[in-house]
Amino acid sequence: MSAQIAVPNRSDHREAVRPPSAPNGGPPVRPAAARVSFWLGVVAALLAAVVPFVVSDYDLFNLSRVAAVAIGVASLNLLTGFSGQVSLGQGAIFGIGGYAAMMSMRFIEMPAWAALLVAIAVGGVVGLVIGLPATRMGGFNLGLLTIVIAALFPVLLYRFSDFTGGQAGVTLSAPALPSPTEALTDAQWLYLVVLALLLATIAFLNRLVGRRTGRALSLIRAGRILAVSSGVDTHLVKLQLFVISSMIAAFGGAIFAFVLGLVVPESYPLIFSITILVASVVGGSRSWVGAILGAALVVYLPSITSSVIPGEASAYLAQLVFAVVLGVCVIVAPNGIAGGIRRLAIWMRRRSRARRSPRTAPTASPMPETTPDREEPR
Amino acid sequence: MNQQKRIRGRVATIAVAAVAMLALAGCTPRAAAGDSAVADDAPIVIGASWPQSGPLGSVAPGLSGLEAAIAAANEAGGVDGHEITLVTADDAYDPSRLVENERKFVEQDGAIAVVNFGGISIAGREYLGQKNVMGVSMAGNSPLSDVEAFPMQRAFWPDVSWEAQLQGKWLTENKPDAVVGYIGFNNDLTESHLAGLAEQGIVPAQVAAVAPGTADLSAQISQFQAAGVDTVIFNIGAPTGGSTLAYMQQIGWKPTVLLSSTVSDFHTVINLAGPEAVKDAYSFEFFKDPSDPRYADDEVIAQYTADMEASGHDADVSNALALEGYGLGAALIDALSRAESYDSEGLLTAWDSFDSTENPMLRDGITLDASAHGRVVFQYQLSRFDGTSWTDEGDIQDVRDLGIVD
Amino acid sequence: MTEFLQIVLDGLMTGVVYAALALALGVVFQGTGMLNLSQGELAVVAAYIAWACTQAGIPIWPAIAIAIVASAVLGAVIYHGVVRFVPPHREDSLMTLGVTLLLGLNAIVSMVWGTDPRAFPSPFGTWVANFGGLRLTSQQLGGVALVGATMLVMAVVFTRTTFGLRLRAVAQNPRSAAYLGLRSGLWLSAGWAAACAVGAVAGIVAAPTAGLSPAMMTVPLLMALAAANIGGISSRVGVVVGGLLIGLLTAIGGRYIPGLGGDLNVVFAFAAVIAVILVKPAGLFGRESVVRA
């Protein structure tokens, strides 16, 4: 096992000690393959944009839920995958964003876009308040602090029910994002907006981790001492990341609230925060596609398993299947589904190349050196 | 580097394919929404989104009862030749899954009504209103009485604050100097309950509003005792109520105990606390508990037991929630049998015209009646637990006659 | 004053369960680097096994012994079958694995035994000790004794036996231990077995008070996490003191800090934890580890 870990670390370091800015300051030269993946992304986005004209409103509702949750998962990926801070409280910040947006629409009658900005701002403030102590803590301590926040959030919502609406929560009398044209139903329009916001979020995050912050981050991940000796203020970078992550989580939460049409305390129990972490890890915490896959899994899998499995006590059998699937994912694909797919792709390519030129093919088993410790950002 | 990028290309390809497959697998094509009018012999579809797992997984027997009632009706030939199809789904007490289920029932199954268990049915009211589909919730939560804002939503249990007023009234009449302690969950049910008590001039000296799942209330009990509390009102579900009563019994503290009806049954409290610990507790009851030995020879309960066993729900027979689900099913069937049309509107109109309608769930002498609140149960029987069974104290009280509800 | 002392006692007695669970968390964390969120559910399984044994006619004490042994076996099986496939430095994967174990065990318990809470008879009888206006129930006193005995056994095993020494060696530095010829996998499963046995005691002590139900240990798990933090997860004394402290602070906070009440009383305890962490990140009794670049 130790040998497997030692080899891929090499590639991690290669990434880590890359000079902080590209030569000549210009954009890095993109090889042809990168352009291919870019166009693939475009095709995927276009495909997703066609979906609303093919499937029913019910499916669009679920897809919109996936997209909103995916934003929350992506915000956690930024934290967990790219700066090594494991948070169990992302669901609470997601919920705070939802409440901030819904309340500013309901009580101050803000337009939806302004409510989204309010959610982001509130998320930033909350992120700063939590982040100041949190970024000074290590793994276990941070885990506790964030799990406490997640556990207390619904209690506080009930406690201040005059303000939050208590069990009835906050509802809107009309859809938050009504369709502007006759040609599209509200569900179609909402889906398209949410999809666009998801893609914009991912583009933003991808840029963020690809730039200086990203390189500082890979130093921090490689080792705090290495980072400090390279002149990186680890606390500051981590705090920045925590705040940005909270802002995006709150943003995703606001969109989730728009999709659902309301916020109630029961939407944000502790297990929801934990589910976000599960989605992040199982999807692939170092991949943005992984965030979408993880979100799709936690939204769809419980419903699918419980509708497929008939009979008495089916709900718990469904829960068991859900747990087993997630457990198998964690063990089989330690870098998430996205990481697993990547591994599979490498393996297939090796095999096809080996078949073409059998004499130069490596004799060693193909797997060991293709199990990277950590997935590269996509 | 180059190789890495190419690999990423592959990742993207496979991922895109996976996402597309995930997205499209199981999706239904657009414009498949069917006509909701029921043809001559087409089944009448009712959807039930119920917690079968998750934090409220213990209320699942309610759904078994509902299924048993519908199955029995179908066995007897359905409603005017129409079979009733009950579509069920687990919502794990998660509002977003509840809304998902409701959308499926309405958009894909063509349900004319949607049944839920409790508090989170608030999440679906708006949607059902838009789609003009009737929603019925079991819950006693006060916000569900808001028929004006949500004309399609009804609730089956009486409003929790009415019973609180009965308790308050009973205390002012029988124990005017009582020092009251209240134990409940830290949510709106407690607020509604306290508001009901205050309406009758009772303000508890001590309130312990605890998070669900808290079981060890020894510190709170010490606090109650130190404050001189001599009357404790419980409106808290399993396991807290039972374990706290057991603890009080063990330390030999015997204040007057008032249990809210929905948390006074054997499965929720008595089995856990032990019958001795509940002895001499009072409760304003409206439903029967199949576990109570006094109903061992009850004809209605015998029929219920037979129907439960016939539909394969033997395991849940003794659970009061199952009988209440069965009662809810019976009420829906009664309304359907009187409905002029088998759609949401017809069902809703029939539901709103209960008039001294009998129901298998209700205590003898209590009936279903329509009201402007959308609630249907108004009568209570004060009962005292004699160590084996709940016994009647006095006559049935009607909150409408007492000026608690108009 | 009597009320204050009684509430202090009540709080400490509640904290006993947290302490035992926190000790289990600590042993697992030290060995496999896993923040085991399923520790509470494992304790629930143990309590159900004990209950099922009593239902089958086995007297309560042998039933408890069976439950503890079965839990230890279950712990070793879980380590061997699942946990060892995830490398120790993958904090997030391990935590997720804990969550899947939690969900899976919860589902199995709910399917086998149902979700209705069940009465679990106290193995210590139902008498009350009164002294100076204060009282303790037999269950509270017995719980303290049982947990105390467990801690004592653990302390002896870990510090006085070769078995414990090897266990600690593997947990602290698997590579050096390997040079000594210790098979780390075997010893880490032994660590899991020990942790689950301690967790089983927590479940059995909690069950008579809380009533046996699948969600019985959800709140105690949260408290045990806090206890592990405040005391220092690497210290066995620390987690136990931490557990008692959390129980105490929660009870006192609920009673004497206005506005906290019965649901936010944990805030006081958690605030104390966070204050301690900020001053001393390794916890009250924890040791800071020195890192070489």
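Order of writing sets the labels: A, B and C. Residues in every chain begin at 1.
The definition used in the following text is that a contact is a pair of C-beta atoms (placed from the backbone, for glycine too) under 8 Å apart; a residue touches a chain by one contact, two chains touch by 3 or more.
This structure is a prediction, so every number in the text was calculated from the model and none was measured.
Q: Would you identify the shape of the chain contact graph, picking one of line, ring, star, complete or other?
A: Contact map by chain: complete.
Q: Out of every possible chain pairing, name the one holding the most C-beta contact pairs.
A: Of all chain pairs, the one joined by the most C-beta contacts is A-B.
Q: When the C-alpha atoms of subunit B and subunit C are each averaged to a single point, how far apart are the two points in Å?
A: 35
Q: Return the distance between the CA-based centres of subunit A and subunit C, expressed in whole Å.
A: From the centre of subunit A to the centre of subunit C is 32 Å.
Q: What are the residue numbers in subunit B that touch two or more other chains?
A: 53, 55, 57, 60, 186, 211, 315
Q: Give me the residue numbers in subunit A that touch at least two other chains, ranges are fine.
A: Correct list: 155, 158-159, 316, 319.
Q: Among the residues of subunit C, which are close enough to touch at least two other chains?
A: 107, 110, 263
Q: Taking the touch rule as given, give the residues of subunit B at its contact with subunit C in the complex, in rising order.
A: Listed in rising order, the residues of subunit B that touch subunit C are 53, 55, 57-58, 60, 186, 207-211, 213-220, 222-223, 226, 238-239, 242-243, 246-247, 250-252, 267, 271-274, 315, 319.
Q: If we count contacts the way the header does, which residues on subunit C are in touch with subunit B in the complex?
A: On the subunit C side, the touching residues are 2-3, 6-7, 10-11, 13-14, 107, 110, 114-119, 126, 128, 135, 137, 139-140, 206, 209-211, 213-216, 218-219, 250-251, 254-255, 261-263.
Q: Going by the contact rule at the top, pick out the subunit C residues touching subunit A in the complex.
A: Within the complex, subunit C contacts subunit A at residues 29, 35, 37, 82, 85-87, 90-93, 95-97, 99-104, 106-108, 110-111, 175, 222, 225-226, 228-229, 233, 263-264, 266-267, 270, 273-274, 277-278, 281, 291, 293.
Q: Of all residues in subunit A, which touch subunit B in the complex?
A: 30-31, 33-34, 36-37, 40-41, 43-44, 47-48, 51, 53-59, 61-63, 65, 155, 158-159, 161, 166-169, 171, 256, 260-262, 264-267, 269, 271-272, 287, 289, 292-293, 296, 300, 302-304, 306-307, 312, 314-316, 318-319, 337-338, 341-342, 344-346, 348-349, 376, 378
Q: Using the touch definition up top, name the residues of subunit B that touch subunit A in the complex.
A: Touch residues, subunit B against subunit A: 1-2, 4-16, 18-20, 22-24, 26-30, 32-33, 52-55, 57, 60, 89-90, 92-97, 99-100, 103-104, 107-108, 119-120, 122-123, 125-127, 141, 143, 186-189, 191, 211, 312-313, 315.
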